[in-house]
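Quick one: this structure, given as C-alpha cells, is what I'll be asking you about.
Labels run A, B, C and D following the written order; every chain starts at residue 1.
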C-alpha cells in the first residue's frame, strides 16, 4: 500500500516546484540601463526650433532640366451632381440663433459640385514632396475668417512659416481648434468681431490637409494644407485648378478630398509636365468615390 | 468483507419494491439518496476548498511579495505587466476567497455533506423527509457555483469584499468589479441561500419526524443537535440575507428604475453624476450581519457536535455534561441573533447600540467556554489514542480556545476601535472557521469515511496532513494577531507603502510560506481521499466501536440505510459502561435485559 | 518506515523553503506598441518597433538616450585604480564618485546595479562617442554589476581589452531612471500602463480615463498653450492628485521617488510621442488599408513595398532624428523660466463689482463659457447635448457631449462643486483661462481677454460654489448694467 | 509516538505564549505607545483583557495537556465512566459569567467618552472637515480665525492627505465621505471611525505628544484602498495657526504677490482685530 503513496507525494512536490517557479518579476525588477549617445543630432541643424528640411525628390519627380510648366485641369463629377441638404436650415441653429443661420442656411460644404459644369469644388491637388529648390514665400499672411458661423474658406493651401491669421467676423465668439499631425495643435478662443486675429504658424508641411473645427459650433469645419512649396492647388467652384511654375518633369500628385473614400481620391496621380503650357487635364470622379 | 457483501445483498433485496436497478444517472448523479447527496456535497466542497485555498495563496503572495509574478497564474494573467497583478485583481482574490470558503465550502460541507450523510443514519431513518428537495438543495449549489464562477469573468471580478458593503457594491462605477460581477455574485448568493434553505427545512422535518423508535430528543447524538440548531438558525436568519440581497439587486438596477435602499444622496463616484437617493448604507450592514453573524454559528455548531461525538468515541468516554452541551449550543444560537452589531462598532451606528451589543457579545463567550470545559472534561480520565481523528479533534478544541479568546478583544468596544479591520480580526475568524471548523471537518472525514465508502483512510497520510496543516495553520494565523496589534489593516494590496508597517514584511513572508505549506498539505488530504476510496482497507460495520446508530448500518449503507429497523434504548455516549465488562462500548440499539446474562458480541442484524 | 516518513516531510519542507525564483525567468513587462501599428503593413511594422526599441529600450533594459532632456541620474567619478581582473569576465575598478545617491530602504537590488557606465576618458585619452568604449568597430556600453559605496569598488559586467587606467573619468548613468521605473511600476502602472498609454489593467474602469502620455499632452500645466508641462507641474500633480478624478494624491511619497517618477513619465512621454510620430509618417501611405487601395488603383504591390523600403532606409531615419530634436526641444523649452504663464498684474481684489464683471464675461458672447459650463456654472451647457464629429473617422461620436483628444467623452467642469482639477489657487484658475486645458475643447482665451478681465473672471469662477440664487440675481443685474453702459 | 503528540500539543501553546512575550521586544506590537488620551485608556483595557485571556489560555491548555498526557499513558486502561458533574458545570458557568460581565461593564466608560456626543469634552476645537474619497483624504480647514461650518465657506483652506491638529487639546474633526465607505484610522492615536456615505460623523481625540502620525484607511473602499496614505501632524497651537495662515496665503497665491507679503498682511489684519 505504501508504495502507492510515494508517487503521489512525488507528484505533489513536482507540482509545487512548478508552481513556485517564476517568482520575481513585476515591480521589483530593477531595469538595466544602457547609454545611447545623442548621435542622431550630429547632422541636424541646431536651434530652438527645428527647421523644416527639404525633402529629397522621389523616384518619379525628377525635374528635367530646362523650363517650368503650368498645369491646369478640372475635377469633374461623373454622374448626376448631388445636392447635399444644408447642415443647418435658416433660423434653426441649435444655438446662437441670432447669428448662426440667421439669414441663410448653413450649407453642407463637404461636397460641392457645380450643377452646370459638374466641377467639384475644394479638391486638393498637391505634391507631397517637391523638387529641391528655394521657393519664394508669400509676403502677406493668409487670412482665415469666419462669418455667420461658417469658415469663409473651407479649403485652403497655406505655406509653412507664413502665418495664417485667424479672424472672426461674427458678433459671437468662436473657438478655432486644429488637429494637425505633425504640427502643434491650436485651440484658441476668438472673441467677437476680432479683426486683429490670432496668427497660426505651421512649422512643418503636412501630407494631408489639417482639419480645423470650432468646438462651439459642431458643424463648422475647414481644411488647411500647409506645404513648404507652392505646388498645390484647391479646385475652384467649377472644379478648375492651376499650378504654376512647375519645373518640367514627371510628378506624382496627391489628390485629396474630405469625402474621398479612404482619404484620397488619388494617391499617386502621375503627370508629366512639359515646359510652358500643358494640356488641361480632365479628372473625373464618380459618386462612389465620395461614398455616395 | 463477507459482512459487507451481505450488507449489499441486504440493501438490495431487503426492499422488494425497489428491486429494479436504478440507472447510473439516477443512482449517482440525480440521486435522491441522502448518502449520495452527502458525498456529492463532500466532494464538491473539497474541490471548492482547493479553489478557495488557491485564492487565499494568491492573497498571501501579493502581501508578502507585492507586485511580483504570482506563481503559476502570474505568467499568463499579467504577462505584459511583468507578471504584476493589478490591485483590483487583489480585491477580487480576497473577496472570492471568502465567498468560496464560506458559501461553497464551510456551510455546505457541514450542513450539506455531513448533515445529509449523518442525519438519517444517526437518527435511524431510512432517508430524509423530502428526498427530492434534498437532491434539489445539492443541485442548487451548481447555479451558485456557476454564478460565482462567472463573476470572475466580468470586469475585475467582484471586489467589494464578501461583506459587499454598499455603496461600494451598489454602484457599478464604485469599483472595477461592482458592475456585472457584483450582480453575478449576488445571484450566486441567492442560489446558495435557496440551497441552504431547502436543506434546513428538510433537516428540521427529518429530525423532528423521522427518529427511530426510542430515539428521544435527549438521546440524539450532539451532531444531530448541532445540525438541528443550525437548521433552525438558517431558517430564521437566511430570509433576511436573501431579502437584503434582493434589495441590493434592486438598488443596482440601471437608470431611473433602481431603488435606493442603501444609496444616500449626492455621492460622486468615479466622476459620474451625483447619486440621487435617500438610502442608508448602514441598513445593509445591519441586515447582512443579522444573517452573517448567526452564519458564523452555522459554520461552527455542526462541527462542535461532530467533534463531541468523535471525541467521546476516541477517548472511550461519555461526553462530559451532555445536557449542558445541548443547552450551550442552544444558548449560542439564541445569543447569536442579538450580537450582530459587534461587526459594526466603528461603522457609525448609534453609540448606545455599541454598549448593548458589547454586553451580549461578551456573554456569548460563556456557552462557548462551557463547551470547551466540557470537552476537556470529556478527555479527562479517558483513554487517548492519537489517531488522525483524535488529533484533529484536539486541534479543534485548542484552536477554538484561541479563536474564542481573541474574540473577547473585539467584543470589547474600545479595544475593537483599534483592533477592528486589522489582521487581528483575520486571525480571529480564521481560528474559528479554519482552526476549529475545518479541523473538525478533517476529523469527521477520517471518522465517517469508513461509513461512506466501507474503507479506512490511510493513517500515515492522515497524520502528515494533520501535522502540516496544523503547523502551517498556526504559522500562518497566529502571527496575524501580532500584525493586528501592530495596526496592520486588512485588505491592503500593498501594505508596504506605509512606513509604519515596513518592519512587518519578514513576518508576512513567514506567514505566506506557512500558508503555502498549509495549502499544499491539503493535496495530501485529497490524495488520501482518492486513494482510500479505492484502495483503503475494507472495514466492517463498526470500525471505531462507536455507539451511535450509523454504525449499526452496513458500511457503506445500502439504499434505505438499515437492514434492520433500529430501536434505540439509550443515549449515544455509553462508552466504557460498567454494564458491559468485556468491551468499552454499548450501542444505542443494544437491548440489555436486566440482571440477565448479557450478550458478549453485538448481534449481527439478519437480512429480512 | 519512520525514516521514510521523515524524509518525505523534510523534502516537502525543504522544497518550500528553497528560493526557487531562479527556476524560470519571470515574464518581462513590455511597452505595448501604439495601437495603430497593427494597421500598418507587416513590412512597416517591424522597423518602427525596432527603431523605438533601439532608442528607448524595454522596461527591463532602458536606454538612456542622451538626445533627450531627461535627467537619467548621472554620477561622475574618477578611476583610482584598476584591479587586475579576477575571473576574466569583468573589470574591477576602484572609483571615487563625486556623490552617491540616496536610495530607498527597500530597494530591491544592490546599489547602482545595472546602471550604464560611460567613460569620459579612457586610458588617458578622451572618449568621443558618448562615452562608450571602442571595441573594434562596435562601441559597447558597459554596465555596473556591483558597487560597494564603502570601498568604492566598482565591478563592471563586461570586460573588453585593456582596462581603463587610473585617473580616467567616468560617468554612471541611469540610477534615477531605474528608480523611476521601479516606483512607476509600483504606484502608477495600474492605471497609466507600462508604456504610459493610460491603459493599465485598472484603466478601463476609470472615468475619466488615465492620462495617455504618448501625445505629450498634459492637461494642467503652468506653460503656454501647446506646451509640455514643466517638471514642477508633474510633481505638483503627483503630490496633490487631481481632485474629481481617480488620480490620488501621493502627498507622502518619498521625494526621491516623486522626482524619479517625474523623469520616468517624461521619458515615457517622449518615447510615446516619438513612436506616434513614426507611425504617423507611415500610416497614410503604408497602412494595410492604404496599400490595398493603392493596389486597387492600379499600383503594383511590389512597387509599393519597394517604395516603402526606400522610405524606411532613406527618409525615416532622418525624420526620426528630426522628430527627436523637435520633441526634445519642446520639453527643453518649458524648463526655461519664460515658458511659465505668469500674470503681470496682481489679482484684482475680489469685490462684488469684479465678480459682476466676471459674470458679464462669463455670459458674454466674447467667451461663450456658457456653451459648455452652463449659465449657472453647473457644466450643463448646450454643448453637452451636441454630437461631436470624430476627425479621425469622419463620423459622429455615438454619444452626445464633448470629446477630448484621446476620443474619450468628457464633461465640462461643474463649477458649483468647488472642485478644481488643476488646482484652486487664483493663479491656477488664471492659467486655465489663459492657457485652456490641453487636449480638451477648453480653449486658450489669451487672445480674447486682457489681464484684468481674466482676473475678474477668476474672481467670479471662485465665487460660484458659494453663489445663491439671490447673489446671482444681483450679479446679473449689475452685469446687465455694465453691458448697457458699454453700448 | 503518543509522547510526541502530547509534547506537540504542549509545545504549541508555549510557543504561542512565548511569541506574545517576545513580541513587544521584536517590534511586533503596537506601532507606538498611544499618544492620545483615549488611546491610553484603550491600551489599558487591552492589557487587562490580555491578562485575563492569557490566564485562561494557559489554564485551559495546561488542563488539556494534562488530560491528554494522563489519558495516553496506559493503553489498556478502561476510561472513567462519568456523565459529568453538575457542580462543576455550575462553577464553570458562574465564574466565567462574572468575569465576562466585569469585562463588559468595565469598558463602557471609554466607549461613552469616545462616541457619545453628550460625553465629549467641552473645550473641543473643531479643527477640520475630513472628506474621504477614492483614494485620498481631502481636508478642509476653516479660514484662519473662523469657526468650521458644515458647508464649505469662502476662505476655507484645503489640504490633501495632511491633517494638522494642535497638540494637548481635544480636537474634533467632522468625518465624511464623498463616495464609498472609508475608515479614518490613526494607529498611534488608536482612533478609528468609518466615514459613512450620507453622514457627517464627529470624531474627537486629544493628542498628547507632538509628532507625525500615520493616517490610513481601514475600510475596504475599492481597488486603491491601500493607497490612502495620509498623516496627522500634531503640533503646538501657535505652529498650527501659523501652518493654517501659510496654507491660506499659498492658496490665495496669484503668481505675482509674494506669499510672504500676503502672510504679513494677514498677520497685520489679525493683530488689528
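We take it that contacts are C-beta pairs under 8 Å (C-beta built on N, C-alpha and C of every residue); 3 or more make two chains touch, one makes a residue touch a chain.
Remember, it's a predicted structure, so these values are computed and weren't measured experimentally.
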Most centrally placed chain - per-chain CA mean versus overall CA mean: C
Contact-richer chain pair (by C-beta pairs counted) among B-D and C-D: B-D
Centroid comparison with chain C (C-alpha atoms), farthest chain: B
Whole-Å gap between the CA centroids of chain B and chain D: 32
Chain centre separation in whole Å, for chain D relative to chain C (CA means): 39
Whole-Å gap between the CA centroids of chain A and chain B: 68
Chain A-chain D separation of Cα centroids, rounded to whole Å: 62
Multi-partner residues of chain B (each touching 2 or more other chains): 66-69, 74-75, 81-84, 86-88, 156, 175-176, 268, 270, 460, 494, 497, 516, 520
Residues of chain D touching at least two other chains: 134, 223-224, 227, 229
Residue numbers of chain A (touch at least two other chains): 2, 9, 12, 16, 20-29
Contact pairs between chains, per stated definition: A-B, A-C, B-C, B-D, C-D
Interfacial residue positions of chain C with respect to chain D in the complex: 187, 190, 202, 240-241, 243, 246, 248-249, 251-252, 342-347, 418, 424-427, 430, 455, 462-463, 465-466
Complex contacts: residues of chain B adjacent to chain C: 66-69, 74-75, 78-84, 86-89, 155-156, 173, 175-176, 268, 270-272, 460, 464, 467-468, 494, 496-497, 502, 513, 516-517, 520
Chain B residues within the chain D interface of the complex: 86-88, 90-91, 156, 159-161, 165, 167-168, 174-176, 263-270, 279-282, 315-322, 324, 346-348, 351-352, 354-355, 358-359, 362-363, 365-366, 369-370, 372-374, 376-377, 379-386, 391, 394, 397-398, 401-402, 405-406, 408-409, 411-415, 417-418, 420-422, 470, 474, 478-479, 481-483, 485-487, 489-495, 497-500, 503-504, 507, 573, 575-578, 584
Of all residues in chain D, those that touch chain B in their complex: 1-2, 5, 9, 12-13, 16, 19-20, 23, 27-31, 38-39, 41-42, 45-46, 49-50, 52-53, 56-57, 60-61, 63-64, 67-68, 70-72, 74-75, 77-85, 88-89, 92-93, 96-97, 100-101, 103-105, 107-108, 110-112, 114-116, 134, 177-181, 183, 185, 187-188, 190-199, 201, 214, 216-227, 229
Chain A residues touching chain B - in the complex, by the definition given at the top: 1-2, 4-5, 8-9, 12, 15-16, 18-29
